[in-house]
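So, here's a batch of structures to check.
What follows is chain A paired twice: with chain B in the first complex and chain C in the second.
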Partner chain A sequence: MSVKKKFKGLSDKAVGWLFIGPTVLLLLAINIYPLVYAIKMSFTNFYANKIGREPQFVGLKNYIKVLNKEAIWEKMQVTASFMFWTLLLQAIIGLGLALLLNRKFKGNELLTTLIVLPMMLSPAVVGVFWTYLYNPQVGLFNYVVNFFYDLGSFDMIGSSTLAPWAIVIVDTWMWTPFTMLICLAGLRSVPNYLYEAAEVDRASKWQQFIYITLPSVLPFLLLALLFRGIENFKMFDMVVELTSGGPGSATELASINLKREAFEKWKTGYSSAFAVILFVTIFGFGNVYVKVMNKIKER
Partner chain B sequence: MAKVELKKLFKTYNKKIKALEDINLTIEDGQFFVLLGPSGAGKTTTLRCIAGLEKIDSGDVLFDDENITHDQPASRDVSFVFQQYSLYPHYTVYENLAFPLRSPMRKLPEEEIKNKVEKIAEMLKISNKLKNKATELSGGEMQRVAIGRALVREPNIYLMDEPLSSLDAKLRETLRVELKNIQLNLNATILYVTHDQAEATTLADKIGVLKEGKIVQIGTPEEIYENPNSIYVSQRLGSPKINILPGSLFKLNNTAKIGLRPENIELGNGPYEGKVISTENLGSETVVAINFQDNEILASIQGSYKSSINEKINFDINTNKVLKFDKGDQRIYER
Partner chain C sequence: MILLFVSLFSFSVNSNAKSITLGWAAWDPANALQELTKEFTAETGIEVNFEFVPWPNFADRMLNELNNKGKTFDLLIGDSQWIGAGAVYGHYVKLNDFFDKEGISMSDFSPATVYAYSTWPKGSKNYYALPAMGDALAWAYRKDWFDRPELRSEFKKKHGYDLGVPANWNQLHDMCKFFQGREIDGQKRYGAAINTERGSEGITMGVTAAMYAWGMEYENPNKPYDMEGYFNSPQAVEAVEFYRKLYEDCAPPGHSDAYMVANLDAYKSGQVAFQMNWYAFWPGVSKEDSDGRVSGFFANPKQNVAAATLGGQGISVVKYSDKQDLALEYIKWFARPDVQQKWWDLGGYSCHNDVLNSPSFPTSTVYAQGFLDSMGIVKDFWQEPTFVELMLPMQEAIHDYVVNGKGTAKEALDKIIAEWVEVFEADGKL
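== the complex of A and B ==
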């Protein structure tokens, strides 16, 4: 007691605040404040390029405009299909790779590091160099495809039917390692004696997978997909570098469309409303998803 | 059920650590065989070699005279109770118990599975827990389920690796009795591993004593207790533990050491005089520690025994029951 009294330091609570304070301030400044500001702007007819003009309150007009615009629903569809295919492929390939890497073999660690490399690159850089890979004349991608199956000349980025697949392939190439890593963590958490018990209980390899591996790894996989889902809903940099939303608007994701409305057409009020709608959508989906995920975890 | 034989079994881990050395033993059909030894003696390794979970270096494993040394675990058809509760955590008790019956090598109709699971659940008194998830059980219930999962089918042999060691004393006693009854009812062949002497003596038809990867003696619990072939074996059974004393203490010729069970010492009168160090009343018996010529001797007396510390005490020993050992701690047998 006497020793304690000599030092009049900060209380535990104060130290706690001291540690998280800077982060909280930073979050307030660059996340929360812009959000609140955007919500406020979404109810006005503000144009950021018209300096000096006082924005006027227009009520829900911007929201009605966004939701009634057919083009918006097209962008949403492009985004949804992009998300569906990337998440599906990343789940299957990521889990598959994790299962392979979970076995013990020589060079296991090195291979894991190599597979993880794409994830460490900048998305914009990935976008740029895949434009070279996809080049119909000199690109490696077309060469490899034609090596196995002669499709003749085709342009992944130039064709409006192939371009959506082009961005799905690049995103899968880049982010499958992420699902793989998290699945691998899940697989490593399964105690070996469960497999031994199953083996003695004469379970087939398939039964072992269904009864032991899958239920153990599923919560991990779902968590990885949640992260990937949120990221891909707002996917921007990689696709802009690769296709800039084209050809036409074949790969124009919601976020790309939003950037065009906000910073090319300068419809700040309108695009604020769009941004808020996107935010609410992803927030809602995210919450439902987390609830479902927790249910599965409890099972 | 089958007769299980191990012949000249050798096993090393990482090519260096000797786990098993020349293990030879036969477990007869319907026999309850207990492997007894401290941790690291090779008990679990022996079980795992029989189950096929470990590859052996050399030697043979025979089930009913058939050599299955190189068979996969699944084709050996053994059941295994692991020391940890190795239940499938994402499934209910029912699913856990039904799991071995769902093996593609068995293909039982669902109706039969249900009957068997319910029967075994009743036997182990977990019928009311069938719908619970495996992770929602207490330790004792989990281990019952683990035992149930082994008993639900009729394999060649039941292998049990200290199945009761993680339970509290009371539950351990109850399950021990149940396990013996179940074994008698099913006429099951069981190889049971433990370091607990009470389990060994109450359950076993035969005990094999392991020491550093070798079997040092095989016999009935009575033989192991009354006729151990070395000091090591004599110390495995008996509570309070056997007194190991220098042979010179009681003027015995050609004897390096003697083993004297606490119950073979009579207190009150006799030619030897010592001092009481402590007394411990265990209810049905009292353990008296005596200092005799700077050796501590434990004596156990029926009922309670009153004496105070440092009090002088006379005692006698039952010379017929004295176990004599040579310099190498091996038993000297008298002709």
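== the complex of A and C ==
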């Protein structure tokens, strides 16, 4: 029997399900089921390493414990600060680079390729080699800083004041190209006749930027920041390799703390509650952000 | 053709059945064990596959494997602190019957190592491992620098006693500080590479070397898990303050997240006069002395009492293994005194009394006497099943105080006790 004949009797809806069925099943198995299971676990005192100990229902105890724990709020503050500075810097530098590369000049393609290189590296590798760059004795970073302004020996990842900046710098170095690429796509979608009309109306370059370029590129920039925001909220590998969350807990982001609670202390119930809280937080923020972004687009 | 296929298939099944897998950390002694094990394979025909995991991931990898009842490993050389979890959660095979049957006596092994690596509950006669690798935290120093007359006389003039193996932690600090920032042979040198690592257990292993020497106890000996006034006693606080002073005054720049490898690197590259590290590394350090570098070694200095941080591991049979019989055969072979002697000769640290009590042992290497001294004074971190939960808050609080300079030593220790109380309460111990 030919394939054509075999599927002849299927309706369009059935064929549609045939195509999306495997994806839906996969999604249910690796996303939805773990999520539902984690929510269920978050109401228990389950420890995954305590074999034979049946989990008991504890109601909202884990949620109350997470929300009342001072250390958790410290990690959330560290995460918020990390997100704020990385997003701000990546927005400004990314847009600036996009504006630069939107111009036609010799070597444009080569420069674009070089700028994009950091985001192609593995975050764990980036974390490891920046520990060498930050080394106070032989690190290139310290050498360059001292070349311009003599600060003497300073330890970027050993100081609680500098370590948060150390991770912000590395993330900005690595992911600004992403923001830049999205912004560049936005810039290239702006029709030329808008600028030509502005020229006819004798608008200055600054006015062209404010009234044409920025509104056109803003939805793209916001989209890039949404992606970066979600990624940085769950940032883990680069920071673990770079600082292990230290010194002390100066760079211990929420995701690092969650991993320690879940897979080192094996407090499965507690960490599930923490994970659900983080999920709701990012989901809530994400939704509000998308609504704001859509409103900006509509303007 | 069918016969050929069947015979080939059965050969393959047999060859698989005659192999076991041993898991350990990736470090020098593991290579020595691999070398030693060739003799086991030659004698028994049992192939031993090795999986060595780098130290920073060792605990995560192995404990996840055990918690998931994994069958990857038949034998595991697990850290001393895991013995509680191994026994309580049933990850390790209890070896008493096997020892009795094979005539393996725990009295043939150093008592401190049996207590630390094999027993649960502590000090009981329940054995879950054979002491495999004795170890303790100790110190190496640049003997060639110490022997220089100009440095010796300058030091004596300044401190009134000879530059040499420090008799206590105060002297250690004096000596470390003496070398801090000093130019030797045209290069800037520093005092000591000490443990400051945040991620796994590094800074805890380092700071406890000082705390034990100051006389710290984890709990009231008459009231288990009563830590108030013991773990945060004035002596313990003083020791933690001292460790911070040692870090601030004597560590090389950038040594803020350093453990075994980083300490070795700092020492081998000629940056520091001292390094804190495990005995396991001394054969390599000693062997690699070159370009005028001569290393000396000494046990952890005493302060109020003589004490050293315990390292080392026992070898256990994994309960989930399908090849427990072969794994036990390996343990039987490894327990033999002649094998233990070869183990020491190859760079492993035997815990067998025949090896340790041999008249030639103290002079067999430059670090042998120190090892003997250390193994008599070792103290270990909690070996409770919840040891990781106990380790993590200590890592965070001590790193926050020593490296980050946040708060006071007393506050750090109080914070740790508060977290530990929570852990013991959740575990039903309090």
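Here is the rule we go by: the second predicted complex is superposed on the first by the 286 of 299 C-alpha atoms of A that agree within 3 Å, B and C clash if a C-alpha of one lies under 4 Å from a C-alpha of the other, contacts with A are read in each partner's own complex, and residues count from 1 in each chain.
The rule is simple: contacts are C-beta pairs under 8 Å (C-beta built on N, C-alpha and C of every residue); 3 or more make two chains touch, one makes a residue touch a chain.
As the structure is a prediction and not an experimental result, all values here were calculated from the model.
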item	value
Simultaneous placement of chain C and chain B on chain A, clash or fit	fit
A:120 touches, of chain B and chain C: first, second, both or neither?	neither
Partner chain(s) touched by A:260 [first = chain B, second = chain C, both, neither]	second
For chain A as apex, the angle formed with chain B and chain C - C-alpha centres, to the nearest 10 degrees	160
Partner touching more residues of chain A, whether chain B or chain C	C
Partner chain(s) touched by A:246 [first = chain B, second = chain C, both, neither]	second
Partner chain(s) touched by A:110 [first = chain B, second = chain C, both, neither]	neither
Touching partner for A:200 - first (chain B), second (chain C), both, neither	first
Which of chain B and chain C A:155 touches, first, second, both or neither	second
Distance in angstrom between the closest Cα atoms of chain C and chain B, superposition on A	51
Footprint overlap on chain A, comparing chain B with chain C	none
Contact set on chain A toward chain B in their complex	191, 193-194, 196-204, 207, 211-212, 215-216, 299
Footprint of chain A on chain B - complex, ascending	51, 53, 72-74, 77-80, 82, 84, 86, 88-91, 99-100, 102-106, 149
Residues of chain A defined as touching chain C within the complex	45, 48-52, 131, 134-137, 139, 153, 155, 157-160, 240, 243-250, 252, 260, 263-267
Chain C to chain A touching residues, read off their complex	60, 63-64, 67, 69, 85, 89-90, 197-199, 252-257, 271, 385, 388-389, 392, 396-397, 399-401, 403-406, 426
